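Multiple structures follow.
Both complexes below contain subunit A, partnered by subunit B and then by subunit C.
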Partner chain A sequence: MDVTIRVKRQDPEAQDERRRPYWQEYPVTIADNATVLDALIQIREDDDGTLSLRCSCRSAICGSCAMRINGHAGLACKTIANTVVQNGVITVEPAGVMPVVKDLVVNFDMFWEKIEAVDPYLKHMGQEPEGEYIVSNDAMLHLSSVTACIMCGACVSDCTVLEVDPTFLGPAALAKAYRFTADPRDGDAEGVSMERLWGLSEPTGIWDCTRCNECVQACPKGVAPMDRIMAMREQAIQAGYDNNNGARHTDAFTESVGHSGRLDELRLPIKSVGMMNLPALMDYMPVAFRAMRRGKMPPIMHQNVENVEAVRRIFNRTQPEPASPQVSNNSPFG
Partner chain B sequence: MPEVLQHDVLIVGAGLAGMRAAIAARDGGANTAIISKVHPVRSHSNAAQGGINAALLDRGDDWEDHAYDTIKGSDFLGDQDAIEVMCRQAGASLIDMEHMGVTFNRDDEGRLGTRAFGGQRRARTFFVGDFTGQALLHVMFEQLIKSGVRRYEEWFVTSLIMEEGRAAGVIALEIRTGELHVIRAKTVILATGGCGRLFEPSTNALIVTGDGMGLVYNAGGQLMDMEMVQYHPTTLAGSGVLISEAARGEGAYLRDKDGNRFMEKYAPNMMELASRDVVSRAEQTEINAGNGVDGCVYLDCTHLGEALIMEKLIQIREIGIDLAGVDMIKEPIPIRPGMHYIMGGIKTDVDGLTNLPGVYAAGECANVSVHGGNRLGANSLLDTIVFGERAGNHSANVVRSMGYADFDVSAALAREHRRIQEMLDRPDNGDRWAAVRKDMGDSMNRNVAVFRNEEGIQETLEDLHQLRRRYENVPVHNKGKTFNTDLVFALELGYMLDCADTIAVGALERRESRGAQFRVDYPDRNDEEWLHHIVLTKGEGGPEISELPVTITKWTPEERKY
Partner chain C sequence: MKYAFFPGCVSQGGAPELYPAARMVCDRMGIELEEITGWTCTGAGVIQEKNQLFGDTLNARNFAKAEQMGLPIMTICSTCQGVMSQANHRMRNPEYLAEINSHLAEEGLEYSGDSEPKHLLWILIEDYGLDRLGALITRPLNELKIAPFYGCYIVRPTEALDIAEHPERQQSLEMLIQLLGATLVDFEGKTRCCGFPILTINQRNSMAMVGKHTSEVKDLGADAMVTPCPLCHLNLDGFQPKAASQARRSIDLPILHMPQLIGLAMGMSPNELGLKRHIVSTGPLEVKMRGR
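Presenting the complex of A and B:
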């Protein structure tokens, strides 16, 4: 198969325009089942030794070759070239969010700092057993679907929150955190990681995700970071960490829809920051005035939808049984 | 004057053996650092799929049974004292890893579950799906973070410094900046992995280039049993990527083009779960006899059922779909023997000490020797953890009463600068490293593979001689400093050529068939003349050969049948 690989390159040492990002096209002939990585290696070996990229295992296990292929992050070694050719061209760029070192190599420092920030190691309170911990196979299989993460950074590359807010812990570090909060061996005797959940409930943590789902799509290993973040929100609330905007927002949202069948847009932000939180409420004033001036103020009197009883019935049916006091229900397998 | 970096214990390589050594040395109170040419979680320990062996007493298993299986697997070339150390320690090391957080699959009672593996009479392989190595590696990295060991990530070691007759440190290239640094150390532990990429194809990652073996060899150290190269029975057609032995451990069959389970001819008792050398030879025999298809035979998992495959073999199923377009739930996958592992390596004792004072080795780059002529599946992860820890412990102890060897840091740096500048200054018109490496890989895979003979090995030795000449003129097209992988690959190729020489010389020397070494011209094992290790050191005109006895404690060599 003949294809043109269009690579976004950059060389910080160059004295000319190559110092800034530029595009270079490499025509290559590759086997029909070749991966994008095979094509890049062929370029590097036969054509252009100055092209820099990371790669090693060729089988989606080492996590080195995450990059943007036709605009979306993925592993070059897991992407069959003929599935992504568009008009004879495959476009390859370095991963996003992280700064470029050279060509397709990005600086992972911030990635690892975020991983380290979640204390990424098992913390068992109390005595270790003499033999192995006795835990269910289901619990381990569930965790293994998260520890399948190879730290390739594809999710971080495409995270729309990190793109604008570098303080966010981000999908990879939060998935790593979940690997502990969901581990029956981590935390107290019930397997509840109270300290972790407290920390993760702070700003930059689990409530800063906007649920755009990009990380789930980008992940080449099916880790689904966003789903793990949502699971930790539930764990945190059940552990009693509900005194924050995110948890209150969730409550207010649920309560409003469950009661009236629609969102009470006036009270939602008020309840989210807390009714008594005067500074935060004052911050809303300019927004409120602007909304009023443009006729977009939600009605003061919140109306139920027609046939609200039907909504309430659906709602009641989907509600879980009332949770028994916090901990015992916290871990999915606790 | 550049900053002088120094550490009591410096570990080169951050795979499982290296990180385990670093954590042990740090726990032992030593100022410890670890240096790796890739980030630790990119290391090739990731690729171990099937599991880790241990005989747990409370399961009714016995470490002596594990030891016997390992010794028989080694075709009696393994040192039995070292094998005893490994098999005795296995249970405790396994439980350590579980306590650190590895998510091992469990049995119905919630205890660690096992699967069967090749060459062993009972199921003692503990596992995490089919990505056990990755699971262990990431947990070890977590512990490395916790331990606070200093990490030099993406630094490539270009030289081992020996001074006053002992280890003094290393010179390394910081890949991101292109700067050279000296790191002084009282002891250096090499944990750089194998040298698989000098074969083409190989299951090994592109980073597996024999760096540590090359460093030791050039510093006058001993390599041992380098001819013992494992061809794994199930590597994927085309790319040569590994398909785990776990598939056969879970019950998969090998079939020829007509669907026959040919292993009944070669290993009527153990069938597909005979040792790897035996299965690879059987497959190659069938392929050579025309019973394969396109140079492959089939691995058939279709009878295992979707549920089992999705729980325990999920990653290799994906590899099959991604790289060969075959879903193993629905149809057999084409596989063939492929270069996978080297049993040989830097000769060490059970504490990782080499013949060079202050230099240790652990993991695949080392030869303790616990694998002898053929490694059992799932003994490699165990090897890294047990002997990585021992090397770390031993170094932490000895550095307490040692100072740093004295040497002229600036002069050492200047020498290395000159050497590298000479490479960069070469004319651009020579063959590039990739061409030389490919020709080396082809020659090794043609003549120093599953079946070998004198004529073929001689041909490869001649090839290697020519390749070394070409190597001396290999140009580096990238002249820049930032992330110059062109330069790194050119340097790695030097290590690979050294390893290739020793492998070919060892294979020529051993005029018998034992374990992975099968000489068509000497098809029998010959304990009278060859029950010894072959040691290789660097001489004027190439590797010089000597021999060492095999340590036998209580298991007398016997005929090997599966």
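Presenting the complex of A and C:
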């Protein structure tokens, strides 16, 4: 197969214009079953020894070769070239978010700092058990999907929040945190990781994720970091850490729909930033005023959907045990 | 052609200009819409994060109602589309579907698992046909440069959205913009997040996202951005002034709902399409259209 590999190159240490990112095209002939990594290695061996990239195992195990292929992060060694050719071209860029060392090699310092920040080791609270820890097969099987992480950084590369805010813990570290919050040996005797969940509920933690699914899409190992973050939100709410905008937002949203079948958009900000948080509420006011002038405000009289009783019954029936407060006609959304 | 219409809360709440615009455009195309009576919110992914079973049951309820009507479902919101597709994907597991149906039985409803809810954007390409739509374009938007913005949920995760079977879904908005005669302003951010879900949680980051996408497109010379997602519209339009002040620059990029852009190309007036209701003025765009 003949294909052109278009590579975004950069050498920040160069004294000339190569300091800044530039594109270079390499026409290559590769086998039909070649991976993108095979093509890049071939270029480096045969055409241009100055092209820098990282790889080791070539079989999706070591996590070295994450990069952006046609704009989305993935492992070059796991991507069959002929599945990603677009009009005869494959576009390859370094992973995002992390700074470029050279060409396709990025600096992983921030990646490891974030992993370290979540204390990636078991922390048992209270008394140690006398004998060994017995963990059920189910619990371990569940964890195996998270421990499958190979620390490749593909999720971090494409995270929409990290792109604008480097202080966010990010998908890889948060998935790692879940590996412990979901481990029955971590935390108190019931396996509840109170201290972790408290820390993770702070800014830069679980509530800062936009639920954009980029990390789920990018992860080559099915770790699905976003799904883990959502699971930790539920764990945190269950553990009682619900006094923050994120938890209040989720609660208010669920309550509104559980009560009336639809979303009461007007009350959502009030409930989710908290009635008492006047400065934050004021922040929404100019927008609300502009919206009102343009006739955009949601209906003040929030109406229930037809046969709303059925919705309320479903809401009550699907509550997890122990049951959360039941929705009644006296709900504050009435 | 007839669909069970699922308008979504936002097209009647925070972005009320979308609902009539979508209806007008469908009318012109001869697509009949019958609103699902008593539909509920899809849960927007928010309810699913607290209680997936409740969220998915709400979707099954909407699907079952559409099945009673004997019609396929149309949405006009990327978020609704994504949440519906994800719920539907999970319900391919027969045990889960049975559990959900047990909660619907009381209301006399049952969902077969066979619905395929579709966004108007997909319907135009897959069911209606771009050729047919092309024949209704009486006012090609030749003078306009338009950038696409999809909204996360209509592009990810690809598995739930059946992108493998419908690869054209990933190019649908670009195809539409070009069909309407406008010049496509392509940019990397088109499939990224607008930041709406963290608006009340981390407003600074949310505004940084709005500012990034809108200013990038503005600097590429676009006259407007078009989106099939009313939530994206809320953030990209409603909060753009705030994003601009955080970014310490002016942006002033009009954001159009997808049916509004189609309506303009069908010769409908900016007024009847509700362009006046936007926060960022569409004035310059209208002037450009008149000045031809």
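We adopt the following convention: the second predicted complex is superposed on the first by the 307 of 334 C-alpha atoms of A that agree within 3 Å, B and C clash if a C-alpha of one lies under 4 Å from a C-alpha of the other, contacts with A are read in each partner's own complex, and residues count from 1 in each chain.
Going forward, a residue touches a chain if its C-beta (ideal position, glycine included) is under 8 Å from a C-beta of that chain, and two chains touch if they have at least 3 such contacts.
Values in this document were obtained by computation on a predicted structure and should not be read as measured data.
Steric overlap between subunit B and subunit C is absent once the structures are superposed on subunit A; the two fit side by side. Of the two partner chains, subunit B is the only one touched by A:M151; subunit C is not.
Shared-chain residue A:T29: touches no atom of subunit B or subunit C. Contacts of A:G131 after superposition: subunit B is touched, whereas subunit C is not reached. In the superposed model, subunit B and subunit C sit 140 degrees apart as seen from the Cα centre of subunit A, a figure rounded to the nearest 10.
In the superposed model, A:G63 makes contact with subunit B only, not with subunit C.
In the superposition on chain A, contact is made by A:L263 with subunit C only, not with subunit B.
Judged by the touch definition given at the top, the superposed model places A:Q319 against subunit C, while subunit B stays out of reach.
Taking every C-alpha of subunit B against every C-alpha of subunit C after the fit on chain A, the minimum distance is 17 Å. On subunit A, the patch touched by subunit B and the patch touched by subunit C do not overlap at any residue. For subunit C in complex with subunit A, the residues that touch the partner chain are 9-10, 12-17, 37-41, 43-51, 53-54, 57-58, 61, 103-104, 106-107, 152-153, 156-158, 188, 192-193, 195-198, 200-206, 208-209, 212, 238-239, 241-242, 276-279.
Across the complex, subunit B meets subunit A through its residues 38-39, 41-44, 46-47, 58, 95, 98-101, 103-113, 128-129, 131, 134-135, 138, 142-143, 145-146, 176, 205-207, 238-239, 241-242, 311, 315, 318-319, 322-325, 432, 434-435, 476-478, 480-486. Those residues of subunit A that touch subunit B in the complex are listed here as 11-13, 33, 35, 44-46, 48-50, 52-64, 78, 80, 101-103, 105, 107-108, 112, 115-116, 120-122, 124, 128, 131-137, 140-141, 143-144, 147-151, 180, 183, 185-186.
Taken together, the subunit A residues at the contact with subunit C in this complex read 71, 160-161, 163-165, 168, 203, 207-214, 216-217, 230, 233-234, 237, 244-246, 249-251, 253-254, 257-258, 261-263, 265, 268-269, 272-273, 283-284, 286-287, 290-291, 294-296, 298-299, 305-307, 310-311, 313-315, 317-320.
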